[in-house]
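Just passing along the structure, written as structure tokens.
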Amino acid sequence: MDLSLVPLLAVLVSLIAVVPILLSSTKPNLREFWTILAAAIKFGLVLLLLPGALEGESVELHLVDLAPGLPLALKADPLGVFFAVIASGLWIFTSFYSIGYVRGAGEHKQTRYFASFAVCLSATIGIAFSANLLTFILFYEMLTVATYPLVIHNEKKEAVDAGRKYLAFTLTAGLLLVAASAMVYHYTGTIDFTPGGVFDGVELPHTAMLVLFIMFLGAVGVKAGIMPIHGWLPAAMAAPTPVSALLHAVAVVKSGVFAVLRVVGYVFGTDVMGDYNLNDILIILAGTTIILASLIAFNQDNLKRRLAYSTVGHLSYIVLGIALLTPIGMTGGIMHIAAHATMKITLFFCAGAIYVNLHRTEISNLNGIAKVMPWTMGSFAIGSMGLAGIPPINGFFSKWNLALGSLEGDMIIPVIVLVVSGLLNVGYFFPILYRAYFKPGEGLKKYGEASPLMVVPIVITAALSVLFGLFPNLFFNFFDLAVDISSTLFNNGSP
Amino acid sequence: MRDQFQSPIVLLGARLLSPYIMVFGWYVIIHGHYSPGGGFQGGALLAASLLLIRVAGGSKLAELQIQEFATTPLAVIGVVIYFATGLVAMAAGGYFLDYEALPIPGVEPDWLRYIGILIIEVGIGLAVMAILVMIYDNMVRGEDYA
Amino acid sequence: MLDFFFGHYAYWFVIILLCIGAYGILFKKNLIKKTIGLAILQISVVLYFVSIASKWDATVTVMDPDIPLDQVANYLNPLPHTLMLTAIVVGVATLGVAFTLLIAIYNRYETLDEEELIDKIQ
Amino acid sequence: MKALKILILVLFAGILIYASSDLPFRGDPDNLMHAEESITGTTVKGNYFIQNAYRDTRTPNMVTVVLGDYRSIDTFGEQVVIYTAGLITLLVLRRSRRRGK
Amino acid sequence: MIWELELIIYLFLALSAIVALEVKDLLVAVVMMTIFSFLMALLFVAMGAIDVGFTEAVIGAGVTGILFVVVVFQTSRKSND
Amino acid sequence: MIESHLPAYIALTFVLFSVLIPAFGLWRSELSHPIAVLGGGIAAGFSLFGFIDVINDGSIRYFFGGWEPPVGIEFVYDGLSAFFVLVINVVAFFVLIHSHHISKREFPGKEMPYYSLAMLMMLGFNGMIMTGDLFNLYVFLEIASLAGYALIAIGDRPAPYAAFRYLIIGTAGGTLYLLGVGFMYTVTGTLNIIDMAAMLPMLYESNAVFAALILMIVGIGVKAALFPMHGWLPDSYTYASSSSTALIAPIGTKVAAYILFRIILWLFGIEITDAVAPISYFVGVLACIGILYGSIMAIAQSEMKRMLAYSSISQIGYIIMGLSLANPWGFAGALLHVLNHAIMKACLFMISGQLRLKEGHSDISRFDDGYRKKYPWTMAYFTIAAISMIGLPPLAGFFSKWYLALGTIDNSNWLFLAVILISSLLNAVYFFRVLEKVYMMDPSKGQKEPTDAKRDEASASMLWPTGILAVSLIVIGFANAVIVGVLLDIFPM
């Protein structure tokens, strides 16, 4: 079976779905049918690529030349497939959940919402399958633009400000990416993603390499939420909750860390990173971010903002794992992409369900809600315990690998950071659970559980978190895939 | 122009002078091959002879001479004479304005060029005359901006 | 030194006239004065071209049967003269347009003073 | 603003004086534009016009020949410029026929 | 070329240009401008450019002069500088 | 046979139609517009044909009057001029189609001189691009400029004053250019560009040549609105009639930039340009200042046309920056930006004209989300053009910036690179501001519900040209590798 067109189709399917979504703007049921159909098809297409990826094969597709010698090229390599499976899989749940959410909350401009959502997913899959930096930039900017209407969705002043902030950060990042890519092209003559890096045989002065790396860091770090350029992320909490779930669990921030992985592993290469000591910067930034974000999360009373800062911290786990430059650490980082995605999406779904059901957003108002929303809060408990790193949930598994990886690299400080931040995670999640389960609630009589369209996705994602924690190779051989990917990055391209 | 200029003596002088200037203008155009002058100077003289009457006698008298609506077609005709000369040369197989290619039988190439220059000088003269009068007319009448 | 003077004094006068024209454009507030400055600037450039066309002891550009054509030093250079005929016409056309605009401006704002105009527009 | 204008004027005068110091002597028949041959060996326009104008067109006035023949497209452009000026007065000043209604 | 003659014309040229720019009555300025053009035409002829001189006399001193006068009468005659 | 006459055909088409329009227009004024569109279409067809011909068979030199240069005047129709001719004629064709309703509304009864002058302006621009003679260039420059002044003088109440300022500055610039040509002629004895370029390596040490270069750059820089000489542009573009602005803005400054290309890269060559002083770097710095200045001023404007006018100052800076880099990538980027910017600006100014026609104003502070409902297609096209202006892939605007960035890196010119990046951000600020107004409710006005506006789209003759230009931006974005491949062949070194 010829799979060469599959990556393209996987990218295009949701983009094409925009047309019927826009056309059926007056018929909500039909519109959402299109969304779910596109999500299902996309997931199926991505799964087609999975067997090949497990074998370590890549599917390449060259489309038109974007510039002389620089094609618009897609390449479904194992890492891309790994990311695409997560993104497209979780999109299905998000779609169902979105339907329940926007109808429950009575949101306006639902057509724009679903259309932007579809474009976002196309861009995300495009990012996953980009074969070179120029293609990557294309989808990266597309993601920026497509997310903007989602951030400003409710069009209140706060949301508009958040949208502007988001644009300011991400557009600057995009420009830095353009400049940095141009420099890489100038120095090496190629901007294809190559395992082991493109700087093979290119000698650059240390400062030049440092400047280049900092430019890349600024470019991809924004979406990855590395401090001090994380500012847009908590602000973007003004968006509807499914959007937050998508932004903070799947599409945008994961594209950011995915980009970090691409830059470190496929542009600079682990050897160059180590030779020029560039990973130290990354480790320091990531460690600081983890601790600081957890501390800030303590002070947030708004549930979504607390989750946002938790996201900032956990993204840096992944960055830390990448920066350790050890196979096991890298594996842990890659695994944490999946782990964090399932856990954090659960938590955001819960926050949205609470909002739609009870119209409560502050943590201090959540007393006793576990009695009215047992399924939701049960899932919330699983997700938060997972993020704190309690076995057997999948968060523990990736953290364990991260710790092993830092020990493998003879580094002790990352381990301390991990332990401290685990405790901090416990510190800011357990008060929520305590309030929900043990404090008496007020005025909750008339409420019940949220609509099944929302609860079912929540429970499934929570269950996935547990299942992946128990059996890392359960459905898609995720663990093996992560191990394969990280091994290709350390042996100069050959697995 | 304003009415205070309409003095009979000036008008008389202008009417006396105008035909001679006009004749001189045509002479300058035609004789441009042998002496200083040519289409532009001649056209300006022709225009001067017309403007003289207009300045001295006002618009009423001017209408007896060349009426306003006639200036635009005259200008167009002037441009077309020049343009058509070039086009005819082009149609006959030469370059644009290549007078040697003009399809006039029995004339040597150098004399063809002589004739070509003469034709275009007449075109220029006509256009310049018409346009200078046109500019004057439009300027005197002013703008009717609401 | 004297040679240098005879070779260059024409240029210096052209420069003086050019600067007078530029002065009119830059410093005069009245739009008609600006137009006069523009006219001076244009005619000065014409003067420059005409003065470079000259040769010592040469005759005008109409063929004289007594003066052989192959000794080009005997005739002035006709090319700058031709160019300047065109340039003068272009200058006149420009002035005509400027006058047209001046009348239109005066019709609308009843003034041709630049500062008053800017006040009235805002 | 005024200082800026004075600066512009001074700069303008300066660049012109700078240029004029190195211009060829006026009226010198050895100038490149009057010389027998240009430094790359191509025809010098002025000389060609003087020598060939009468032979090519039987017209003694060289300026007329250059204007009407050698550089006829220039003259055509010149005529178009004047034509443009005429149309401009028509456009800007002419009373529009429909406005009265 | 007679350089003494040229020099005198140059001086008058500069003089008339300055007067045309500095005088407050615009009609006078226009007349000075016409004189400027006429002197310029004279200078052209003195330099041997008879065609250019002829044109300048007809256009600069003639047609432009008329148009200038028309403009001054259509607008205002006074100038503040 | 027809190929060898192509340059003349392109220019003469405009002459023909500029006399045909009065000939028919005096009879029936409403015929002017279709005749003008016909003329524009024929010329665009010729230039497309010619461009393909030049790419395949090499450049064409056309000798007017049959006199070979340096005696006569020639039109040089090589890759660069064919490219520019194609860009301006095609864009002008669409703008001419678009201006039908605007001309009926904004200057009724004056269509005949208007369209005739539009033809003459195009003649001037085409002549400037194709001519191989420096003085002939001046003549065409004046034709184009005069027609341009007149087109600008039609419009709002202060339009004649804006046009008069443009006339004074522009004619002074033209005169400086002519003086520069005079110096060049004095030193070299020729006016033909190719002839002169062959002589300059032996003569460039003369002060006069250096001064001539400065005078020519300043004189043409006025027309190109290079930074300190941009003063005329914002007022002119704002007050002029919408159709005039749409016609002049995408074309006028580009042609002037083309002349700078010709002078600096072809006539002098980059070595001689920089022999006495680093002129090209200096021009590049001016362009950079212009980029930042134009972008910042555009942010401060609330009138859409004025905002676009300042944006033009900024965008012309990109083109001239690419010129000053004088390497293949910068050159390709600059030329690609000529194409992109011509299309984008034409599209945006046409949209502002549509809004003026429908709403009576184009004041951004009065835009609201009803516009999206009233003019869905117009606003969609506006979005495409705006995003392209910002430079987001895969739209065309991104790629010109990409090549310019490559060019700056090739020269290790980090200052210019930073300017490109910063100005892109500033572009984003002023375009997203408009998009926000149009696509969202306004929280600052306390608006809670979307306005219930009825659909009231502009007529097809306005919508189609805008749409085609907007879609072509996407096409150029994907096809830019082909275009750049052609452009890199044109580079003279």
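List of remarks:
Which chain is which? They are A, B, C, D, E and F, in the order written, and residues in each are numbered from 1.
Methods note: a contact is a pair of C-beta atoms (placed from the backbone, for glycine too) under 8 Å apart; a residue touches a chain by one contact, two chains touch by 3 or more.
All figures in this text were calculated on a predicted structure; none of them were measured in a lab.
Chain closest to the overall centre, judged by the mean of its C-alpha atoms against the mean of all protein C-alpha atoms: F. Looking at B-E alongside C-E, one finds more C-beta pairs in contact between the chains of C-E. With every chain reduced to the mean of its CA atoms, the largest distance from chain E is reached by A. Each chain gets a centre from the mean of its Cα atoms; for chain A and chain B, those two points are 79 Å apart.
With centres taken as mean Cα positions, chain C sits 70 Å from chain A.
Chain D and chain E, compared by their mean Cα positions, are separated by 20 Å.
Chain centres here are Cα averages; for chain A and chain D they lie 68 Å apart.
Residue positions of chain A with contacts to 2 or more other chains are absent. Within chain E, contacts with two or more other chains are made by residues 1, 50-51, 55, 59, 63, 67, 70-71, 74.
Among the residues of chain C, those in touch with two or more other chains are 6, 10, 18, 22-23, 51-52, 54, 56, 58, 61-62, 81, 83, 85-86, 89-90, 92-94, 96-97, 99-104, 108.
Residues 387, 390, 392-394, 398-399, 401-403, 405-406, 409-410, 417, 420-421, 424-425, 428, 432, 436, 439-441, 443-444, 450, 478-482, 484-485, 488 of chain F touch chain A in their complex.
Interface of chain B with chain F (complex): residues 72-73, 76, 79-80, 83, 86-87, 90, 94-101, 145.
Within the complex formed with chain D, the residues of chain C that make contact are 3-4, 6-8, 10-12, 15, 18-19, 22-23, 26-27, 51-52, 54-56, 58, 61-63, 69-70, 72-73, 75, 77-79, 81-83, 85-86, 89-90, 92-94, 96-97, 100-101, 103-104. Those residues of chain C whose C-beta lies close enough to touch chain B in the complex are 62, 85, 89, 96, 99-100, 103-104, 107-108.
Only residues 5, 8, 12, 15-16, 19, 22-23, 26, 62-66, 157 of chain F touch chain B when the two sit together in their complex.
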